[in-house]
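Heads up, the next two complexes both have subunit A, just with different partners, subunit B and then subunit C.
Our next item is the complex of A and B:
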């Protein structure tokens, strides 16, 4: 598909002008025109863009007279997070409770995958493969690499499985629970096609259901099979898109998962139908409490880990997610932004004159190249782009085009993502210390209040200034 | 926040004087906790009555929040008497009402409370008593993660009576003891399980222990002679104790478990 800048893009309109709240707002009109023009559903990247109750609707009750805060620099506040110690010989040990989510090589460029792997290793956390398999760059750059097992099975093989530090069985994603992966033809380049044993340049819609099992009873057998292949060495995660969270978490535990990953409706995607992104699943805020309570009810909070994702941006989001029961969070879109997504420029190292001696230029020596015009060519602008599905990413993050991909320097990119992750960890410990916690995992729902009745009902914490929890 | 006092007799010839000694210690920490008070007295004489003679309300369960009404003495473990009084109101009046100065025993805890987050009722008063062995605990400070620990205990079928943070610690310790920890191990584990600031004094039918959090901001002084060992929140609460001039007086170290057993 060639991109048609003359078509009105719903994502762009939604971003530029907040949708008017009437039945036929400008975004709705744009969507109708796109469907009429193309005879198919609108497709885009990123997650839900409409306002849903989220972590911004919660506040932390930090210490004052009845409780005491811990000092920032002297008094410890642990962030170490361990997954799978009960069953796996090699549990996953993370220095911070902030991980990088599964994003496929195909949706992301090889440089982006490598940069994320390097960044995760720099801060002692994990990164995750995605639909389409494991690249050698990603494996060698990542200290801890989680290998996804998706319905498509693209790029899934026993060799890479044994090279992984954990395996994540994906039942669904928050952006499209019940739907399968999607990679449009313009991103199915030779290397991607080879890894997926597909023809080049053809739109690819992945399966939405695993081919060899359905239901939790079979999942139990699948997990045993994976444990045997990996000789009980590595933890097994199960990822679900947040819909019937209470049931799904209990079933994942019953099937033998070491970690349940719950991805809320705001969760990002490389390319998905807009109807899925905006109209399926439940907000991350509601999902984390349901999942945390389900695990607590099973008495397994310390045994089975909970990773939550979908719209996590700041250390405050992390602290609140942990308080509601998560052991760690997982990030998709945010590290892409740290890599340069939606920035007006990309950064590259200066090319030295041909006859000059090597300068040993540091990572901070780079030049900025403006690419605003390329955003405009996509029908968008820096700050409003959700066009990952086009493969024409102006900053080289979500593309398979060699020229575009070369705009992302994996070393420079890794430094920025590592800085971002470190800053999130610092914010999280700062808030945990202010709540008197010597470990970020000791944040609890009682440390939170809600700003809105909706958030109070979903997170099951009192409305600020009251002791009222809706429904209690 | 609160005042704590604990006394353990090494020399049981002091048995008849225990109540008077504790009454003086309680007076010394009274201003730290004006809203309610409590004492637990262990005795080694088996014929101590289970239900103490409380003026006005013999054997009647305490009515929360009403000054002058006591939680009656709890039944003693076999061979070792334990009597507990807990009341809302001025600590010194409380001590007079229960005739503390005239009571005998071999080990005691006392507490004066300035409530932080939970209500002021008799049921919220320290000492908290938990588990089959009727472990007693007094706490100065506040915990920061007790809600999670309370939920975990509830998952084990251990239900706290109140929403008080210190009560969670008492039940948690009793649960660790029931799981086989000795008291020192259980208290050491407590320092890494509970967040917050605390000085705790704990008694059982045969032991007396003190522990502080890793930062140890809440005050604590231990004095020890050949005849007794005492812990208090403030030095002045030790002043009436016999033989204090010869006592070894020290501030307990953070995260160190101090334990005396008879």
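Our next item is the complex of A and C:
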């Protein structure tokens, strides 16, 4: 008979946690119970939470004897990034290769959109509209604004198109490639509904494909139309959710895209089905290399830009994405966190005593207001919240409620996001200099190794300490 | 006719039209010439041969006549202008129109007037699949038949079908209203036939008059509108699509 002390030693059972059940873990059990109770699927915000190979699985091989580093604080490392010079009369010129991704007014509050626009302008980069169109606040706050043309065409109009600095035709996004947008009724207030020509309060489910074209041959004609309407002034981006990246990049290029935007599965959303977020698309790490290689194979790395998004957090992520072929990255979730998303507090200006002299708007002039209880009321907690879809964002980022939205000061928010983007740019140049590059765009796959076999296979760089690239 | 200096355009003085010969001009040149015209000007595009993207993005109250078949998106993303196509048109005629009129003196291919926010798109022949898809306040009048999924996801505006409507008419409608003079092969999810009111007769009559449809009796059209049962998530909707 086999000795089974775990069965006969109650003391040991009490002292040790029972073995985790992989297939039916606590999250799975909770998910089954939720579906059983509500009869529907979970909907949430943000991107994939599951662990997938990502940029943390890569390391940069900085200079030593065989490479010559640049002085970290003294020698220039360029970050200027230009898109669309081949066809557009007014190419997009960015000071840093770090942009802000498309997020809708509707999903985000008007203050949040304004703050992102201000921040992008402060650091010389672009921000992007989203489903539902362009707000005047966002246009005026943004030096470089990319105008999305989405399947829903909510709020899409030629006046705003001509007022944009680039147009991005959205075929999909990383959080839900193949799916349309979603904005639940609690966020479809009067202004949002008006901009989208929808009844107030409907659960808005956007179309997943464009109304007036279907395949890549049609897309070519659509891009020509947009160029005609904008008098060939501005670049045309095409955004895809990362699935069949090699094919999609080639088709976007064939259709005439100036820039291809590839959004990996870690890319965020304001609301969609959890099953979509966690089970569709491929990781950003795999997508960037596929896209970069497709452009290289076409001989178009100079003429067609590549922007990669989905889970970019740090300058190290940026440097690695550029090394794998991206010309720039695009961030969604991270700038929202910089705005205050998931913080336990929001900051507001103190109410001055009557007849007091006006004070400045420095950080120290603000008071912190704890909203942990409001997270709890949503069934979540600061640091874990993905409840953007509820419209009850305690810090005013993803809400259309006037009281909640007022908690986000767009000026303070912009300062924080600009600080964050600057820090990312500095980290990127620091790493590029250490690799001996005087331009961040000169980072290359040869500067990378992988920590895991999976990452080595996806990024097609050697496993650290070897010259082995899986599949080669 | 006299030639305009610096362009390949000529002026048809008898018709008071500027004539652009597409056999000798690129689409870009032709559209740039159209955009430069002042309010009230008249232009004619000869030899269109199904060229795509003609007369798109116009912003002034000009009249443009396309003397032959046009390709995709003719008159699309436009405002204020009056665009006539003397022949059939391809996909997306008058797509995302903001105001003004696009008239097709023939049949139109798929997605006529897609996402039109305003203005009027008239198809004097039949229109193919998804006519009026995602309509956002514009008006579409089709003299003949429309194919499957007419008014799919149409949000606002009015569609008049002078002939018969295909399957899945009005699928997933929001607030747009459809009037059909002929038969309806089938309704889409969340669309229903509703009683015709005096306001409907007036609206259908006004649209027929604007389109020049003498064959449509506004007293004898069928009104199709949204049930509005899909406006909010409901588990019971599973399988409705």
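Going forward, the second predicted complex is superposed on the first by the 443 of 472 C-alpha atoms of A that agree within 3 Å, B and C clash if a C-alpha of one lies under 4 Å from a C-alpha of the other, contacts with A are read in each partner's own complex, and residues count from 1 in each chain.
FYI, contacts are C-beta pairs under 8 Å (C-beta built on N, C-alpha and C of every residue); 3 or more make two chains touch, one makes a residue touch a chain.
As the structure is a computational prediction, the values presented were derived from the model and not from experiment.
Visitor: With everything superposed onto subunit A, say whether subunit B and subunit C fit together or clash.
Guide: fit
Visitor: Would you sort A:67 into first (subunit B), second (subunit C), both or neither based on which partner it touches?
Guide: First partner only, subunit B.
Visitor: Counting only touches as set out at the top, which of subunit B and subunit C does A:370 meet: first, second, both, neither?
Guide: neither
Visitor: Looking at the overlay, does A:246 come into contact with subunit B only (first), subunit C only (second), both, or neither?
Guide: A:246 sits against neither subunit B nor subunit C.
Visitor: Which partner does A:437 contact after superposing on A: first (subunit B), second (subunit C), both, neither?
Guide: Only subunit B is touched by A:437; subunit C is not.
Visitor: Just subunit B (first), just subunit C (second), both, or neither: which does A:197 touch?
Guide: second
Visitor: When the two structures are laid over each other on chain A, which of subunit B and subunit C touches more residues of subunit A?
Guide: More residues of subunit A are touched by C.
Visitor: Between subunit B and subunit C, report the minimum C-alpha distance in the superposition, expressed in whole angstrom.
Guide: 32
Visitor: Under the definition above, what is the set of subunit C residues touching subunit A in their complex?
Guide: Subunit C reaches subunit A through residues 27-28, 31-32, 35, 52-53, 56-57, 59, 71-73, 76-79, 91-92, 95-96, 98, 110-111, 114-115, 117, 130, 133-134, 136-137, 153, 155-156, 174-175, 231-233, 235.
Visitor: Which of the residues in subunit A come into contact with subunit C in the complex?
Guide: Contact set of subunit A toward subunit C: 38-40, 152-153, 156-159, 161, 184-185, 196-199, 201-203, 207, 211-213, 218, 221-222, 224-225, 228-232.
Visitor: Please output the residues of subunit A touching subunit B within their complex, sorted ascending.
Guide: Against subunit B, the touching part of subunit A is residues 63, 65-68, 70, 75, 296, 299, 301, 435-439, 442, 444-446.
Visitor: Considering only the defined contacts, which subunit B positions touch subunit A in the complex?
Guide: Within the complex, subunit B touches subunit A at residues 116-117, 142, 144-145, 147-148, 151-152, 155, 195-197, 214-215, 217.
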